[in-house]
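Structures follow.
Look at the two complexes coming up: chain A is in both, with chain B in one and chain C in the other.
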Partner chain A sequence: MTFDTVIIGGGLSGLISGIRLLQNKKKCAIISSGQSALHFFSGSFDLLNFLPNGEKVAYPQKEINKLIKNFPEHPYTKLGENEFNKLTEQAEQLLKQVGLHVQGSSEKNHFRITPLGELKPTWLTMPQFAITHNDSLLPWKKVCLINIKGFLDFHPEFVSEAFKAKGVKTEIQFFDLPELDRIRKNPSEFRSTNLSIILDKESSREKMIEDFSVFSKNSDALILPDCWGHKNSSLLSDVMKEIGKPIFLLPTFPPSLIGVYTQQFLKDCFTKLGGTYMLGDSVTEANIKNNRVTEVFTKNHGNIPFKADNVILSSGSFFSQGIIADMNKVYEPVFSLDTDFLEKRSDWYNRNLFENQKYQQFGVKTDNNFRGLKNGKPIDNLFVTGAILNGFNPIKEGCGAGVSILTALYVANQILIKEQTYESAGQ
Partner chain B sequence: MNLLVNKSENNFEQCIKCTICTVYCPVSKVNPEYPGPKQSGPDGERLRLKNPDFYDESLKYCINCKRCEVACPSNVKIGDIIQMARIKYSQKKPTLRDTILAHTDFMGTLATPFAPVVNAITSAKPVKKILDPLLQIDKRRNLPKYSFGTFRNWYKKIAEQQKTFAEQVSYFHGCYVNYNNPQLGKDLIKIMNSLNIGVQLLEKERCCGIALISNGFIDKAAKNAKLDEQEIRKSVLEKKLPVLTTSSSCTFTIRDEHPHLLGIDNREVRDEIELATRYIYRLLSTNQSNIPEFNNGKLKIAYHTPCHMEKLGWSYYSIELLKLIPKVEVTVLDSNCCGIAGTFGFKKENHETSKKIGESLFKQIEEGGFDLVSSDCETCKWQIEMFTSKKCEHPLSILAKVLA
Partner chain C sequence: MKTTTTASTHTEPWDVIIIGGGATGAGTARDCARRGLKTLMLERHDIATGATGRNHGLLHSGSRYAVTDRESAEECIKENMILKKIARHCVEKTDGLFLTLPEDDLSYQSKFIESCQAAGINVQAIDPKEALLREPSANPTIIGAVLVPDGTVDPFRLTLSNILDAKEHGAEILTYHEVLGLIKEQNRIIGVKIYDHVNKEEKDIYGNIIVNASGIWGQKIAEYADLKIKMFPAKGSLLIFGHRVNQMVLNRCRKPADADILVPGDTICLIGTTSTHVPFEEVDQMYVNPEEVDILLREGEKLSPSLVNTRILRGYAGVRPLVASDDDPSGRNVSRGIVLLDHEIRDGLEGFITITGGKLMTYRLMAEWATDLICKKLNNTTRCTTAEVNLPGSRLTKEEVNKKIISVPSSIRESAIYRMGDKAENLSCNTDIENSLVCECEEVSAGEVEYAFKELHVNNLIDLRRRTRVGMGTCQGELCACRAAGLMNQYSNLPANKCKESLSVFLNERWKGIRPIAWGDTLRESEFTSWIYEGVCGLNLSEEQLKNTKK
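On to the complex of A and B.
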């Protein structure tokens, strides 16, 4: 099987580079060993919320140079200030182009509302999700928080407490449908993804309008857990029209419906552009000759290898097994690339869960063009992007999605430039 | 280097409870009686290991499509865990109906000599009305047609001629080609011959056992599998001939279910059992001059990926072969279960679920303005032809038809 580029890993990073390459008429395949970490998506993409030393970032574009000056290992430092700013704009354009109409911009962080009602800075938030532009002020005087009876992955009481502390009055109401009783039989499966199947049915519209009008009587807005509107895109806007009040969504505990939706949306973009997406397959072996990856073998395809001019490794971090930790080391299982980790295992983690966990920064080492290093030397056509990279802490710095998207675009651009150069040299 | 991190034979402990499998389960989406793969598989396994009484009969709703395994980010063999639990713990005895549905080769042997009569009878409304209460086979279901005479019988006439080719392959035709659709086998032979390759049959062949396994006839399935394995070994190890197949489900069963469910060690020959589409793709991609000539008009084809094809990961080959035909536009449908799941859809109690599972697929087929649907699975074909207005053909049948 011959492609221009083979991408290992089909999550956010792999899909973004794939889409960018396909938009430029390159033949791409994605090999993905299962569904991705996007299924835990909060509905917001973070770019940079804090510097590694904990300092707050409000204006990522303006403040990126602080990071670049002081933290040489960070993926953003490898990009540099100009490239960082260019790529954030390119990312915003690309998302808009494919039809994801997100709120926010890289000039200034806005604030998303967490499932516990806290405000967290972020870069881009999916439409319909509740946001605010001021970290101490919510845009409502009184809101009605609605939960679904028996749903344990959303806790309006916490949200209510947090909102009260910010001077917003709240009211908690419960929504129910007789049809939901069928899922209640298995309480452990009373989850957002199962609920949405019933909640998104046309038959629930009437009850929603009826209940929500009563619930929202004294409130400026309604806030719902993210269990609605993905299978039936006009449902929420229709209900809003009927009741005359805005409805916002908050993320729930995983699995994340908006994550499932985003993964499928980007995957559909990829395949509609002509990409080949191989799900449930994993790379078993790769041949490297003359410092180039020549062939990639997988579990499903056995003796029929993937051949490509370029290979992108975006196989994720520990969760997706892009990197694996055993008792003594952290290793990258496909190409045995050089990894960055601390010698002593006891230094990997901090006993206080909320403190900086060093293992978060472990990952694959690359050169400044994000080519993977093996025995200290970059492999010519093997690029590494996303969560598998070393040198950043996605949670403490709030930069996971940003690193995934920007490095993916950077690498895709490099591949396109390289090929243009070859072509013009050939002429 | 083997990257498949399997900590134990039954790797339920690798489950991190992310619930992604349940999101992609076609059954739990439409049937709330089924708690979904996470609870039925790794979650339940913890309890069952402690005490078999925790076995829940709702596991019978699993259709073994393996979409949970394809989706799992942690390589948990969720479908395998559920299948194994059913075999180990289920107390439910198969009914007469299950026995009839499961024994595809026995029923085929009975039916093919009288095919015109049998087909007329089984498609007659009054008969279906009797089958419904009597056997719990849904009266709304179109029953598979039998061919008049088997594929193996037909093959005898051309066996000598096939030997004249310098290069040879073996063909595991399966029950469907033998009793229901010999034309597919003939189409394969036509294509292989056009590539200067002769086709041999295995000396003997039994049903791969997929329907036996899902209906609880494990001993019988194991007996069949043993015999098939012997024949496959003869072909691969003694005659040095690879074994080609045309059914994605038979292929998946022989390669991947025989070892773990029926205790067949097929490691020596597994790589030599493959779908003919994969074999032909490899042949054509290594030597472009092999590409045959076609003679056809414009054709808009929708390719449907059967569940076991999704698990094998091999739909790529079928799709690429279809794309070789000039003036053909191939659209790959979203990979969704069609709902028939072998014998599942025939059972009265499953009829509605079966139809509901396939709804989004049927809708996509009807709305796409296609001339034809293509798929590598015989039961998907039945389901698609029953619930949509389109014909569904195997990629090789389409290829054979337009060969110049």
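On to the complex of A and C.
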């Protein structure tokens, strides 16, 4: 099987580079083992919320030079200021082109509201999700928080308490449908994915309008757990029209419906553009000759190799097994690329779970063009993007999605430029 | 029935005030209450947080001590048989094997069997091939095997049952009440000065007899009375594996050494222990270090080779409350025997006794000795019944409980009966909502969580884990912790911000045990936990909590 580019990993990073390449008429395949970090997506993409030294970032475009000056290992430093700004705009454009109408921009962070009611800075937030532009002020005087009766993965009490601290009055109400009793009978089935199937049925519309108009009587807005509107996109807007009050969503505990939905949406874009998405397959080994990846073998395709001019490795961090830790080391399992980690295992962690955990910065080493290094030398046609990269802390810095998207676009652009150069040289 | 304020409004002195809520303290409270004494038990944290909750959970047959400590071995086998009867819902009769590996001295086996028999322990050498049939996970290269009546015991359940029985007989239990000092009048201790961590207040409580049952911390309690009890803190580290590799307890048939016992329990198994002397000042801060992990894995693999491919869930360490008797640097040769000190005779100080030493296995006997002495001092002649009467939870058979809660879905029913014994009947009128699962690894329902918050002295999510196993399974609380925090807000009287705080403390406490073994799949789960809680939810430690963790 021959492609222009083979992408290993079907999460956010892999899909973005794939879409970008397909938009430019390149033949692409994605090999995806299945679940990705998108499955516990918060509904927002972060770009840069804090510098590695903890300093707050409010205006990512303006403040990126502070990071670039002081933190040479960071993927954003490898991009440089101009490229960083260009790519963030390109990313916003690409999402719009494919039909994801997100809120926010890279000029200034806005704030998303977490399942516990906390405010966290972010870059782009999915439509319908609750946001605010001021970290000490919420845009409502009184809201009605609604949970589904018996749903344990969303706790409006926590949101309420956090809202009250910011001077917003709250009221908690519970929504129920007789049909939900059926899944209540099975103790482990009352989760967001199952709920949404029932809640999104046309038959629930009437009860929603009826209950929500009562619930929202004294409130400026309604806030619901993210269990609605994925199978029936007009449901929420119709209900809003009927009751005359805005409805916002908050993410729930996993599975994140917005994550499952976003993954599916981007995957559909990729395949509609002609991409080949190999779901449930994983790379077993690869051949490298003359400093180029020549063949990639997968579990499902046995001895039939994938061949491509370029290979992009976007296989994620520890969770997705893009890198693996054993008792003594951190390694990259497909190409045995050079990895960046601390020698002593006891140095990998901090005693306090919520402090900086150094292991989260471990990853694959690359050159400044994000080509993977092996024995210190870059492999010509192997690019590395996203969470597998070293040198950044996605949680502490709030830059996980940004690194995934920007490095993906950068690498896709590099591949396109390289091909153009070949083509013009050949002419 | 959360902690109440009865103690502060109580004007009459208590007959007995017991300091310490481990197995010994709880057992003593049970025994005293059953003999009609007005009893108060104080615990500075939660029940079973000291050595009681930080050991193997091995229901010793006594074999392990037979060669070196006959007296302990005899006590063990007697108590083993009693617990199998009175605490059957806390106990699994798994039996055990003492294995001789090619590198071990086979001649030790005959000495071992002889000593066991002399101590009254019914053991039997069996052919290694038969041993492997009985326990296929054992090392196939064994050259000798002895069958022993070892079992397993859940120390949390055991302590709780003793407390429930004590309460049924009128005892008062106050957790999160820390003793700050003893109140002395001439040559008599007449009460305790305590700090109530829940209501954040100090108070004095008076009693006729004060019992020091605080394990390793007993040294400090005695110092409040200007007495010296020299404890010998011996740290022991253990590792928990993610599934139950073995069905029988596996021991090495040699002189006690590091990592020579592999104990199954619930859905897991665990290997232990190491033994190192630690300074008394450090007993509140026990961390498993990488060297201990290496030893436990290296030696554990010799008992059961499949451990190499089994995921480790966490490591933990406890401190044995040994009473110092010589300068043995490892603590292995210090007697495991029971130490009962009547400070009136020993130090001329009336109204104060110390019960320490011993083992989890002999907690009931320790309680009996202590209560006998208390009764003698109070001229109470009621005899001890704790060996005859079954504990709450063990009064009905599984079949009888099953009938009572047949309406509960079977998966929840079975695990509830397994954990709660006849107390599972409290779940009989559960609704569908109460039957929904909080913890999928351990099949804990919302109803069980509700019962724990309302009836079992649960103040936070860590206490809840000890009562229900929420967060003890493979995911170590990844998803169930937040569900439980939401229910905590519903079932306890605590405000949402306290429940949120409890959630971050719970996760940090889980991390303490995960950190020593965080590689492979464990590190994947940890990364996931951080993404969810810190990333998606924006959870963090409060300033106060941060200060505490840095101490």
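As a working rule, the second predicted complex is superposed on the first by the 427 of 427 C-alpha atoms of A that agree within 3 Å, B and C clash if a C-alpha of one lies under 4 Å from a C-alpha of the other, contacts with A are read in each partner's own complex, and residues count from 1 in each chain.
Criterion: contacts are C-beta pairs under 8 Å (C-beta built on N, C-alpha and C of every residue); 3 or more make two chains touch, one makes a residue touch a chain.
Predicted, not measured: the structure shown is a model, and the values here were computed from it.
After superposition onto chain A, the modelled positions of chain B and chain C are compatible, with room for both. Once chain A of one complex is fitted onto chain A of the other, the partner contacts of A:254 extend to both chain B and chain C.
Judged by the touch definition given at the top, the superposed model places A:319 against both chain B and chain C. Once chain A of one complex is fitted onto chain A of the other, the partner contacts of A:346 are limited to chain C, with no touch recorded for chain B. Within the superposed three-chain model, A:299 lies in touch with chain B and out of touch with chain C [touch as defined at top]. Touch criterion not met for A:86: it reaches neither chain B nor chain C. In the superposition on chain A, A:182 makes contact with chain B only, while chain C stays out of contact range. In the superposition on chain A, A:360 makes contact with chain C only, while chain B stays out of contact range.
Of all Cα pairs linking chain B with chain C in the superposition, the shortest spans 5 Å. When the two complexes are superposed on chain A, the residues of chain A that touch both chain B and chain C are 37, 40, 185-186, 188, 254, 319, 321, 324. Against chain C, the residues of chain A that register as touching in their complex are 37, 40-42, 114-116, 118-120, 149-150, 152-153, 155, 157-158, 160-161, 181, 184-188, 190, 251, 253-254, 256, 317-319, 321, 324-327, 345-346, 348-349, 351-354, 357, 359-360, 394-395, 400. Interface residues of chain B, counted against chain A in their complex, comprise 1-5, 16, 18-20, 22-24, 28-29, 32-33, 35-36, 38-39, 43, 69-75, 271, 278, 281-282, 285, 310-314, 316, 332, 334-335. By the touch criterion given at the top, residues 1-2, 33-37, 39-40, 182-183, 185-186, 188-189, 191, 193-194, 197, 254-255, 260, 268, 271, 276, 278-285, 298-304, 319-321, 324, 333-334, 336 of chain A touch chain B in their complex.
Touching chain A in their complex are the following residues of chain C: 289-290, 409, 411-412, 432-433, 435-438, 440, 445-446, 479, 482-483, 485-487, 489-490, 495-497, 499-500, 504, 507-508, 510-512, 515, 518-520, 523-524, 526-532, 534-541, 546, 549-550.
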